[in-house]
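Down below is the structure, laid out as structure tokens.
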Amino acid sequence: MSRSSLKDCTGLHVVAQTPFHAEGTVDLDSIDTLSAFYYSHGARGLTILGVSGEQAKLTPQEAIAVARRFIRVADGHRIIVGVSSPSLAQLVTVTRDAMAEGADAVMICPPRGTQTDEDLMRYFAAVFARIGETPTVLQDFPMHSGVRMSPPLIRRLVDTFPQIGVIKEEDLPSVTKITRLRDELGDRVRILTGNNGLYLPQELARGADGPMAGFSFPEMLSGVHDLFTAGDLPAAHDLFERYLPLLRYEAQGEWGIAIRKEVMRQRGALRCSALRMPGPVLSAVDKREIATMIERQNTDFRFDAGSAD
Amino acid sequence: MSRSSLKDCTGLHVVAQTPFHAEGTVDLDSIDTLSAFYYSHGARGLTILGVSGEQAKLTPQEAIAVARRFIRVADGHRIIVGVSSPSLAQLVTVTRDAMAEGADAVMICPPRGTQTDEDLMRYFAAVFARIGETPTVLQDFPMHSGVRMSPPLIRRLVDTFPQIGVIKEEDLPSVTKITRLRDELGDRVRILTGNNGLYLPQELARGADGPMAGFSFPEMLSGVHDLFTAGDLPAAHDLFERYLPLLRYEAQGEWGIAIRKEVMRQRGALRCSALRMPGPVLSAVDKREIATMIERQNTDFRFDAGSAD
Amino acid sequence: MSRSSLKDCTGLHVVAQTPFHAEGTVDLDSIDTLSAFYYSHGARGLTILGVSGEQAKLTPQEAIAVARRFIRVADGHRIIVGVSSPSLAQLVTVTRDAMAEGADAVMICPPRGTQTDEDLMRYFAAVFARIGETPTVLQDFPMHSGVRMSPPLIRRLVDTFPQIGVIKEEDLPSVTKITRLRDELGDRVRILTGNNGLYLPQELARGADGPMAGFSFPEMLSGVHDLFTAGDLPAAHDLFERYLPLLRYEAQGEWGIAIRKEVMRQRGALRCSALRMPGPVLSAVDKREIATMIERQNTDFRFDAGSAD
Amino acid sequence: MSRSSLKDCTGLHVVAQTPFHAEGTVDLDSIDTLSAFYYSHGARGLTILGVSGEQAKLTPQEAIAVARRFIRVADGHRIIVGVSSPSLAQLVTVTRDAMAEGADAVMICPPRGTQTDEDLMRYFAAVFARIGETPTVLQDFPMHSGVRMSPPLIRRLVDTFPQIGVIKEEDLPSVTKITRLRDELGDRVRILTGNNGLYLPQELARGADGPMAGFSFPEMLSGVHDLFTAGDLPAAHDLFERYLPLLRYEAQGEWGIAIRKEVMRQRGALRCSALRMPGPVLSAVDKREIATMIERQNTDFRFDAGSAD
């Protein structure tokens, strides 16, 4: 396996939600409909158990149950499993179990407190000594993790650990970092972008291979990527901008995830929009605000390549 | 003075840039043209020496020189001076000097490490014991400061310290926090919103009194506020969304400030777009990206109430 | 159960090590000899799976296996299980399983990012809604967790949640905080002290009920407590000071835990001194340094109430 | 100047207190008696305006006034001026002014947020581009600054910037870091140790050149260094351990500085023990605790080479 298996990891990989029942247990059955929703709106693969998948709220057993279900209904799409953990033992356990279930790769963000280049090299040496050849997405997300990785350090990581096939780049400004990573790395790895897709057109222009992000209208993320790779930049920008008001609204941390789940519920992608507690709960005012925004999005557009359902 | 003098602090208060010469010294003369630019695009006042004003890079002497110049050309507009500092002595010195020069108010964000409600009450007790009746904007900006203040704590601060006349609200999600602050505080204080104006229409709908933010097209910020208060919500949203692609692009920390200064240079508002070093420097690729974005903004719109100069 | 069951939680409660085999698996058998060592040196109870127990490196299954073994050989001593986790689900699972195994109480430190008094009240409301009447030690350890709790907030927590029977106080300066907590709380809760026991005599003088700390010579911790409660302060200080050079040496974060395990191995309390990786590994120089320190401790003392085995 | 001028920077360099009047203004006159106290107790030089000197509470003008006075009464001793600041402009201004007044060197700790090796190299490139040949002490104090520097990175800094003549090493465990720095750097730089001197004997054994620390009994710090360099290790340890109870007590952040100032007041080294506000204020209980500790220290010792005044 290793890096080569991620060579064609381009296009939309949705950072998937985790469905819960209203009382907080995982709703495994809803994973089937949710997966179908993502795939029918352009996802070539899913990254499950990321920040947007509320990974940090699950026990390892729950995480594996969720992974197993997503894998069962993957239907040929790539499944990448977020396994980041302050506990290396837990990371290793979940990685081993997820790969045994048939996952394609794991995603790892170094844990808070891993601060120097030397510490980062050591951390990943310890990781890969334990998870071997597992194909890996390196997540660069300092706003969330507190860990910053410079382009030269990322190059050292990629040079040293052939398991790293994809960088999920969500340091800000991502555009300049993508430019620098392409200078350092050429095409040796894929670069997918996060940050809810908020800078997607510019990131693609800088050399990103696609979005690895969550959004309640994934057809925008896949559509922008497809139009961009087809060379139709004006249409790519038009499509992006039509959804930008909602996109920006969802880009508000965990509350944004609550918004996203509610919109997806309204679109039929989820039965229940509840986050696992503790977490934000939407008020009536919040829901009216969403309704207004979706109404504007549906009626007031200049480009209609992609119908919103 | 005190709170009452900030009673009419509504509408656009631009968080002003600080102009530098290419080699890094403060360009005092450019403050005149910059101020004129802000006022001609709808600013009722300015907040100088905020984060976007690169305050943390100035010495206290430079800060006062900057404040003096902005005040000299204020021409009846309100000047609020950012005085936050890890050093209370420095905060007090700059406050005293700025008020002596004729500033209308100061803005204070509690320093990193002020973590409990008790610590926050004590911090502001120490502050106001020294700066007396100075009208004050309380800045709630946890992403920048690391300090979180709950609505009940903000209420205690407002109840205890009548100097606080305005909350600059930029915790996220700002919309829910504004709703809660209005519940706690009613109309006793003004609430202005930051975060580069990225959530402005929703924040106004939740009860904010206007934007206290920086953007290279301040006519959008004032225009959205004016249309909103005039009750023309669709036009307010249209105006906002036309500028949203650039607005979101500028909302990228210090690099976004570099973008903003470059756009403002192109608009004639600044002679030189340099930030004081150390800080980001724009590449040719970055500048082409800006040009593309502005071109789209100028040609591809549905609402043309405000010409882009 | 609840608070009342912790009423007599005084005296030494050792924060126990977790024994590992050299290759990193948990060494359950060694828990028996380790427990015997602690109890024969004055421990009235153990706090297992704390920071010194390398809790964050275990999977929940491993944690429960460790807890089960410590409980099996508790021999009438109190077993408190550290269950802190960024994941409430994991905290709840481990709490439920540990209590089912026969644990006496759990210890909880609020997770990083729980920053305002309001957030802290909400966090513990969510916790206790799920773990019910479980007797609980509240750990106040801001250097580790980043969470600060003021004495008035701790009082509100104790007033609201009768499950909290003990405060493990390791904010610095702990002495002034203990004085304030006693003012706020009287004798309604027990206060045990951490920070490796580095301030133990002064903390007892301020009203602490005993140490809840780890040290390779637990007989010092129990001895100081016993001499202090017997009113023999000079002897308590003498005993403390004899061990202070090593005590201070062990008070160096995770490296100090490696030191402690090595000393305990030399004393026969552990078969293997390895920490679970990633973690510090002692060099030959480090081990010579320890040897020198122990030699001085054994030969050069003024008070010999407790033999060092 | 540059590195070579710090070649003989060995032995005790006290991190000096800043004297304040009770109402909070700087007490310049007391600097004379304080300096005399330090020099008569073995200080070869002083590091002024460090953390223990409450540097962050002073305005730049106050800082320069303090530096001028310490320099005026230096009487042939080395004066190193702490100039760390989040503002590079302020760092440069204070450096320039302090060196013009006759300071021997400056001490710089990189500012919070300087997180990758690349960022650190850039930061110091920006610093030295502005302060030129100024001899510099690099402060490695992650617990305070949040910035971690690995030994290889420190080597790169020393290789690149010949201004760096001394490392003030106070990362923990300092002993292993000193061993690694000596491996990386040989004798090219001096290594002085901080952390209140809490690990001094072991640090000297690892290759440190002396203490750069604050303690109310500086004769212990100089005495341990002198005995150690004279080869009398048992006496060095005896002297250290006699003062260890108080040393550990003073090692409690800003509250510890308040303790230190009070002890120094009692010893006649300071007229007033007040810290600049906001800061801790000692209670009657605190002062009794100090008195008890000093009494034990004075009466109950095995080694009396140094009288306690």
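By written order: A, B, C and D. Residues from 1 in each chain.
As a working rule, a contact is a pair of C-beta atoms (placed from the backbone, for glycine too) under 8 Å apart; a residue touches a chain by one contact, two chains touch by 3 or more.
These numbers come from a predicted model, not from an experiment.
Considering every other chain in turn, the ones in contact with both chain A and chain B prove to be C, D. Judged by shared residue numbers over all numbers used at their interface, chain B and chain D contact each other through mostly the same positions, with over half in common.
In this assembly, the chain whose C-alpha centre lies farthest from chain C is B.
Taking the mean of the C-alpha atoms as each chain's centre, chain A and chain D sit 47 Å apart. With each centre defined as the average position of its C-alpha atoms, the distance from chain B to chain D rounds to 39 Å.
One inter-chain figure worth recording: chain C and chain D are separated by 32 Å, centre to centre, where each centre is the mean of the chain's CA atoms.
For chain C, the set of residues touching two or more other chains is empty. Touching chain A in their complex are the following residues of chain D: 115-119, 142, 147-153. Per the touch definition, chain C reaches chain A in the complex via residues 56-62, 86-90, 93, 112, 122-123, 126, 276-278. Those residues of chain C lying in contact with chain D across their complex are 172-173, 175-176, 179, 198-199, 202, 205-206, 237-238, 240-241, 244-245, 248-249, 252-253, 255-256, 280, 283, 285-286, 289, 296, 300, 302.
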